[in-house]
Amino acid sequence: MDNQSVLTAAGLQALFDSLRRRGYRIVGPKVRDGAIVYDDIEGVPDLPQGWTDEQAPGRYRLARRDDEALFGYAIGPHSWKAFLHPSVQRLWKSRREGEEVAITPEPPSAERFAFIGVRACELKAIAVQDQVFLGGAHVDAHYRARREGAFVVAVNCAEAGGTCFCVSMKSGPRVDAGYDLALTEIMDGGEHRFVVEAGSAGGGEVLAELPGRAATEGDLAAAEAVVERTAASMGRQMRSDDLHELLLANLEHPRWDEVADRCLTCGNCTMVCPTCFCTSVEDSSDLAGVESSRSRRWDSCFTMDFTHVPSGSVRASARSRYRQWMTHKLATWIDQFGTSGCVGCGRCLTWCPVGIDITEEVRAIRDNPMERGGGT
Amino acid sequence: MWTLEIEPSGPAPVAAAPGQFNMLTAFGVGEAAISLSGDPAEPGRLVHTIRAVGPVSRALAQLRPGAALGLRGPFGAGWPMAEAAGRDVVIMAGGLGLAPLRTAIHRLLTERARYGQVLVLYGARSPADILFRRELETWRRRLDVEIEVTVDHAAVSDWRGHVGVVTTLLGRASFDPANTVALVCGPEIMMRFSAAALADAGVRAEATYLSMERNMKCAIGLCGHCQFGPVFICRDGPVFRYDRIAALLRHKEL
Amino acid sequence: MSAAVKEIEEIVREHPFFEGLLEPFGKLISGCAKNAHFQPGEYLFHEGDSADQFYLIRQGCVALEIKAPGRGAITFQTVREDEVVGVEWLIPPYRWSYDARAVEFTRAIAMDGACLRGKCEADHDLGYEVMKRFMPVLIQRLQAAQMQILDVYGE
């Protein structure tokens, strides 16, 4: 079997069946609560067929497409971190007996996910979180277990969302690494079909079982055209090669005050960001004080508690908290992990209640940088 | 203020360097970063000085003798004891900042011959707030270390020592600034002024070390809470060479 | 010139506060100076008194105090040898706003404020020289007060 094949929508159902037979818990896009979210799905009928999303800073609406595309939307509020780095993760339980306390670490999850419809920016986001949880001196066993068990079915984007800027961040729209299977959905030419490419041995095995036909030159050219059209239609840009120097030289830029006047410090951007990984821990116990446990939860640098020390919050102002989030994402992330923390997915624009646009904030600083003295 | 001595059970603890910290758990309540304040010559006794201000520290302070608590550590980069060898050592402590420095002072006094002059300059809020008062008095009786304590204000009846900010003690101290290592710990504002006063006295920024305080959860540089520009207090500090963070300290709320 | 006068001029010029003072200025200033000493517990001056003098401390320790209702006398600064007590003589209404008490046996040079003000008025070069030396004392006191107000060490 070649590593490229063409499937119909019915062939796609065979993919779901194959993954389920292999013991995967299949998670993919479905319409729920007025958005396209990632959730458990049974098969093709659960996919958001004929739906798309209209996105702008501070705005998200579902709309009907004039075709029956299965992946004809950009991205929703969810990202795969909800499954690889869940919002709550128990770390251990303890039990007191007399003066002794026994601690039982939480075993890593044995759950094997199959992710359906992973976009290029999301693959990049997973790679960024791999660096966070697997790339340093301390490997997170919970993340590793979920990550190593996951089967990734990626999708090349067929159109750019209203807040997308993956081309600027060199993270899309073409999926190029980190998947087991990659789909390109083709609607034109009269046949609704998917060009499928295997990106791993496991992906190749699954692909070999599917009722596909060999991809023709025409199929491959059509798939190529889909990605090229998406890249060309991306309206938003953010120059990213100099952000480390630019932002760290402008830590006292007046723009931070300006954005702080709009920012509600709600933390939505950190929740929807596919790379934000900050956590806090919470302990709880039974009423007798015999059993207790510790859980790790997503936290946000937009809260006052995040930097609380006995004398108060280190970042008490909205200005300082927005600045922390943006400079970490775009600049000091590079110090920490060697890459940017931004993949250009645009979620932080779309889901910001007041529509703050990170690309616009960068532009405001770039167009009018501080002369000197603001830097580190 | 509470001093908590922990006797390890289970595996032998990793020996802590002066200036490092542990994460202590009060089961069912939570975990807090607490600096080690004991004598490094007695590694079997893990001594922590705790200010009972939050739920975790209050719960730790209420533990009965013999009660179990959780401990992870030691974490972080400590004081540059090796670099201090052969040189004068100026210690500037403010308030609770004496606790993380106490371990370094013990080390200096234990290996007294390895160092030049040793000066401890300590500023506290009032005479009642002075930490380790008996120990300071014991040290003060030694001829090979200079201990100076100042308070911000004092009732006339209970204090005969210095009154004024800790930096005023520096002007009266005698040491060779070109051959000095300075160890500073206290509230950030006190450390900024102390580092500036040390620089004015001729101590190089490269020989001045500060111990920073931030909110810490994971202690391994991954939870994000203690980020300070490009560095993480728990992993890259808490002790930093001043020249490496001086520019960062100029930014408010970084 | 008598031995006593010469001696006080030397003491003034050797005190760190007047370090590097030009000789003619030293002469002028010393003309307003006299020796003073205080037993432990003895007050140099009290709040509300007219500030006719300042003191170059040569030995000992002086506590500057304010009485606060319900808190008794609070020491907010101690001044030791090589330092100076008193800036109030410089500016009207020339009145002390705190008490100064010798904590230990203290030797000082007491400077007549009115005398020195007169000489500074007459010779602005001398006046500038004196101001340059008092300004750091004022600024340091101000900075110390800022830190004390901030109560940086907390409970």
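The first chain written gets the first letter, and so on, giving A, B and C; residue counts start at 1 in each chain.
Note that in this section a residue touches a chain if its C-beta (ideal position, glycine included) is under 8 Å from a C-beta of that chain, and two chains touch if they have at least 3 such contacts.
Quick caveat: nothing in here was measured; it's all calculated off a predicted structure.
**Student:** What chain sits nearest the middle when you go by CA atom centres?
**Tutor:** Given all protein C-alpha atoms shown, the central chain works out to be B.
**Student:** Compared with chain B, which chain's mean CA position is the farthest off?
**Tutor:** A
**Student:** How many angstrom between the C-alpha centroids of chain C and chain A?
**Tutor:** Distance between chain centres: 68 Å.
**Student:** CA centre of chain A versus CA centre of chain B: separation in Å?
**Tutor:** Chain A and chain B have C-alpha centres separated by 41 Å.
**Student:** What's the distance between the Cα centroids of chain B and chain C, rounded to whole Å?
**Tutor:** Going by mean C-alpha positions, chain B sits 36 Å from chain C.
**Student:** What residues in chain A touch two or more of the other chains?
**Tutor:** Residues 310-311 of chain A each touch two or more of the other chains.
**Student:** Going through chain B residue by residue, note those that touch at least 2 other chains and give them in order.
**Tutor:** Within chain B, the residues that touch at least two other chains are 53, 187.
**Student:** Using the touch rule from the top of the page, what residues of chain C touch 2 or more other chains?
**Tutor:** Touching at least two other chains: 154.
**Student:** If you look only at chain A, which of its residues touch chain B in the complex?
**Tutor:** For chain A paired with chain B, touching residues are 94, 96, 99-101, 103, 132-133, 136-138, 140, 248, 251-252, 277-285, 289, 292, 294, 299, 301, 306-311, 314-317, 319-320, 324, 327-328, 332, 335-336, 375-376.
**Student:** If we count contacts the way the header does, which residues on chain C are in touch with chain B in the complex?
**Tutor:** Result: residues 63-65, 71-78, 80, 101, 103, 140, 143-144, 147-148, 150-155 of chain C touch chain B.
**Student:** Which stretch or stretches of chain B touch chain C in the complex?
**Tutor:** Per the touch definition, chain B meets chain C at residues 53, 94-96, 123-125, 129, 150, 152-157, 159-165, 168, 172, 186-187, 189-190, 193.
**Student:** Note which residues of chain B are touching chain A in the complex, please.
**Tutor:** 25, 27-31, 51, 53-54, 66-68, 70, 187, 213-215, 217-218, 220-225, 227, 229-232, 247-248, 251-254
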